[in-house]
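Let me begin by presenting the structure, written as structure tokens, before commenting on it.
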């Protein structure tokens, strides 16, 4: 059994990790920390875990974390980088669900996250945890940077096209809609039900932190610089991301459906739907799946790619578990077999 | 492996059964019928099942159903009773999720369901599938009548009190709120999002079909006639039942919390929360659990019991699987370990 | 034109008052205060008011408030009582939407609101602003205490029965469901969309601040002490209160429907629906109406009353405007003619 | 008083027209027809109208309709064209909220709506009812074709840019999100709350009926052919359209904000928000307003326009009333002063 620790388990990625790890056949939950809630039973905060997780929150403490085989960080940006070096030195493997190790360039990190990076030396080693791009590296990784939710949906949708140079990499558009759990479990007026139910809006059109992450990943896939217009929207629902992706085809002869089907043929967690389908976010609710469908709109040289995930699963905690499975040589689908909840 | 068939798999209890059975370690899905959708892949109707259930719908056919060990009926009321006798004769065990075998009195059935019962001779044999009441009988049952969603939440909440004669059985009140999936997957104006979102209403105050079922079960528990005012409400959410139950205490000395905790101590799927708690329906979303909490409102001789379930799981498909586990000697929790999806 | 001021306009009752007063033909909005937002345009916080309300928030200041004919307090409990005496001395009439002047007994106020009352001498003079009970007194009032949202729905539903002694006043039950805007516009984790959407729960069963207010009002109506079990619930919607009221009939001969129809025949804002109807909260969304329907559940000596309001309109700002109309001799319906938004 | 009739008042545009006309100071509601509901009181179907609209539905009948000054058609596509010629001959003015008279080319109409046009001779005369484009023509019109909801939001967002040739008219993108009331009040499985709540999806990417209408209008504005990729989405809310519009700038020197502000300076119902704003659909809920905001995403030669309306008001019934006001020389804002309901 893999002994797993979680640092910062009071947010939505934390409770989702708990939900997944509590029923994972190869994992023993050893410790879950929260400075503010130390001593409180996890199940008192998250009643869905009553009778299933008996651990209390504990104050972060090096000894108990170093006794783990793997530690997940479900913390605000900037927390993990302060604790990771010590854990790695102690031989613990680390999976960070925050942004600390996602960007390779520490200057870019500082620009978007507003603080200096405290262990830039680890950025080169950190593996970007998108298994569909980096499976082999993940199998050897000590330190994994789990992708953000938007970047997961957007990159999986564009990857096959950019890898094969089928679209203009300099003029991509991602119009993405997210449920509000993506904003985390923080008390903020703007995410009250009375504020954001029965309404929809765009936000951060001038620049969102996930944009450099997306561009970095797509640049690797395409081998060229990426031009991207990225418009995130807040949709009145709890979970789900729907990415509507627009790209200009370089030529229109290629069987694009075949390209996607072949690219993801061996992937357990990417579902290429029939051409012209319309994936619904509910079809992945609670499941570690990305469903993708292609469209060729009339009278246009564009391709439209629809890509949906559950932001808390394939966009966060599920992907983290998938990465753990790879790092420890478990079956990649272990603990991730749940079917989406519909209706 | 138990070979399982489902008759009528196009509704919400059908897809929920599929979700549960597809990951059940002891079950092989053998056949799923739908007269209207015969030939269509199940996953084409329910995209959450893509890659997980490869069966197509087939027309109902005696041979394939009789080759099953167990057949679930997820059909409209009145369908199962036409097919069950033949299946039982063929040695197939039957679990009906509709109302056909819930009421012991065929006259009462006719009164509430508007048609004559075609196999009243089976009503005595049919076991009412509330394991917390009838576990032993279920282990021997050929034919199980799964309780309705409201009756599950209401009966579990009142049971300990009535079994011990602690409340006035003649003056019970059940004010119950249900998500709209309880109405099924039928095209009806009243259940459109634009009609029932952002609104709440009571319905069927003059008489709801689940009332005689509740009274029948509670009468067995109490050994006396039941008086019940039952007011169901439609709440603007997909899943969940919240029963708010009111009863008049016969005396106020008993430790009621202890009564409930002892009554359900051995039950895997009933969670008695600390006294004074407020269970949320989301704490059981997707899970086969009933959570119960007790309150003694100020200046009153009443007890208020709060009881929540997911109407499609503990209120339908999950309970059906729990019954199957009992009937076939499997571990009662097999296939039902999923933790509720929160948020 | 009546010059109106609003103290504390940054919450939901504040913006709702602005919405109603901005189109009221007899009112001029003179000042709206907010200590925290002073200088900011009201329409920058509430974009629905863009182009309709040009006022900025200003710091609370005696002079500008004393220049008003009427001042509304849409402040947290305990704020108004510190400012009201001075305003009354200056000849300004006051309508408080908070709880400061609702309870006649200052000891009870202190018990439920946790602070000493600073002007108990005004409690006797303050008129409880339920026009259907106190219309004549309101026409002369200097100081009006607007009822809470729950108390409005519950009292209007029980009033005719208690006034005529038709039910047992000692054993009333109010099972009430509210949208989340009732909790106000404060950043609190529990009211995030991701926390309270797709879920329903009871809360404060051990005692809610609106209980003494309800009992006080009903005791006046009935002339006897009130026994009340009051269970509020949080429903996953923005606006709306649905009160489901239970009472034991003293006798069953009276034509209860006629009692209600006669009681409210002259009321513009109470709609007695046909016997056996099921009012929906959406039928009053945005409108200053209470809709009521009666039921006699089978096999019972109870009456069930269903009463719905929009908690922000008839339960708060709309009722405040109705009171203002009465105090200033305007037509009672002035500025309140909007029809509910459906769907 | 203008005598107004409504043909087909049982859908959402019908009830919204009733809500608006019932409080319009210059209109008398004379007749509302519904073949299926003839004899039933309108307020029995739409309880928000109780006490406000006393009319019953009547069977469509030439005489009563011809006695009206104006008749609104809130009917399925293809109904109006069968009745309009006779009404015009009788001197009645007609406002069609369906698609019958929106497209100037009858062949295009047949292609998209699947039936031959029965009065193509009226297409040239019919004025497209977008007052911000066609105010003068509307003031003289006998027959007005009200725009669809998507076309209203999209055209108002693109208009100033195309009129001045500031963007590439051949490569426009409209990624639009709509609440489900846009689908109308018809019993269809896909629009059940249990199906489309807590989910988001694109639909009709291969071609939506509103696309030719948008292109026709924009071609007039730009004077050149339009290339448009139009991707509609279904969002889990009742009302609201959020159009996210992408266009490639021909040059980047122009003060685009000034262009929009000047273009709409005299428009009562178009609100150009500050540059970089993020309009919310709730800011126009129930109000006849289109709010627009501009963005220049980083590292791109594109402009992003955000445009929100209430699909049932500025996208349907409100715009119809605005057109009526123009046709009859009333104040353009008459009956349309309501402020959006927020929260």
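By letter and in written order, the chains are A, B, C and D; residue numbering begins at 1 in each of them.
Methods note: a residue touches a chain if its C-beta (ideal position, glycine included) is under 8 Å from a C-beta of that chain, and two chains touch if they have at least 3 such contacts.
Predicted model, so just to flag it, every value in this text is computed and none were measured.
Peer 1: Common contacts of chain A and chain D?
Peer 2: B, C
Peer 1: Is the C-beta contact count larger for A-B or for B-D?
Peer 2: A-B
Peer 1: I'd like the Å distance between the centres of chain A and chain B, where a centre is the mean of that chain's Cα atoms.
Peer 2: Taking the average C-alpha coordinate of chain A and of chain B, the gap between them is 36 Å.
Peer 1: Could you please state the distance in Å, as a whole number, between where the Cα atoms of chain B are centred and where those of chain D are centred?
Peer 2: 45
Peer 1: Which positions in chain B touch two or more other chains at once?
Peer 2: Expected reply: 12, 179, 181, 185, 194-195, 197-198, 236-239, 279-280, 282-283, 285, 343.
Peer 1: Give the list of chain C residues in touch with chain B in this complex.
Peer 2: 173, 175, 177, 194-195, 197-203, 205-207, 211, 227-231, 233, 235-240, 242, 244, 246, 276, 278-283, 285, 295, 297-300, 302, 304, 306, 308, 343
Peer 1: Tell me, which parts of chain C touch chain A in their complex?
Peer 2: Against chain A, the touching part of chain C is residues 12, 179-181, 183, 185-189, 191-198, 236-238.
Peer 1: Write out the stretch or stretches of chain A touching chain B in their complex.
Peer 2: Going by the criterion above, the answer is residues 12, 15, 19, 22-23, 46-52, 181, 185, 197-198, 238-239, 271, 273, 279-280, 282-287, 291, 312, 337-343.
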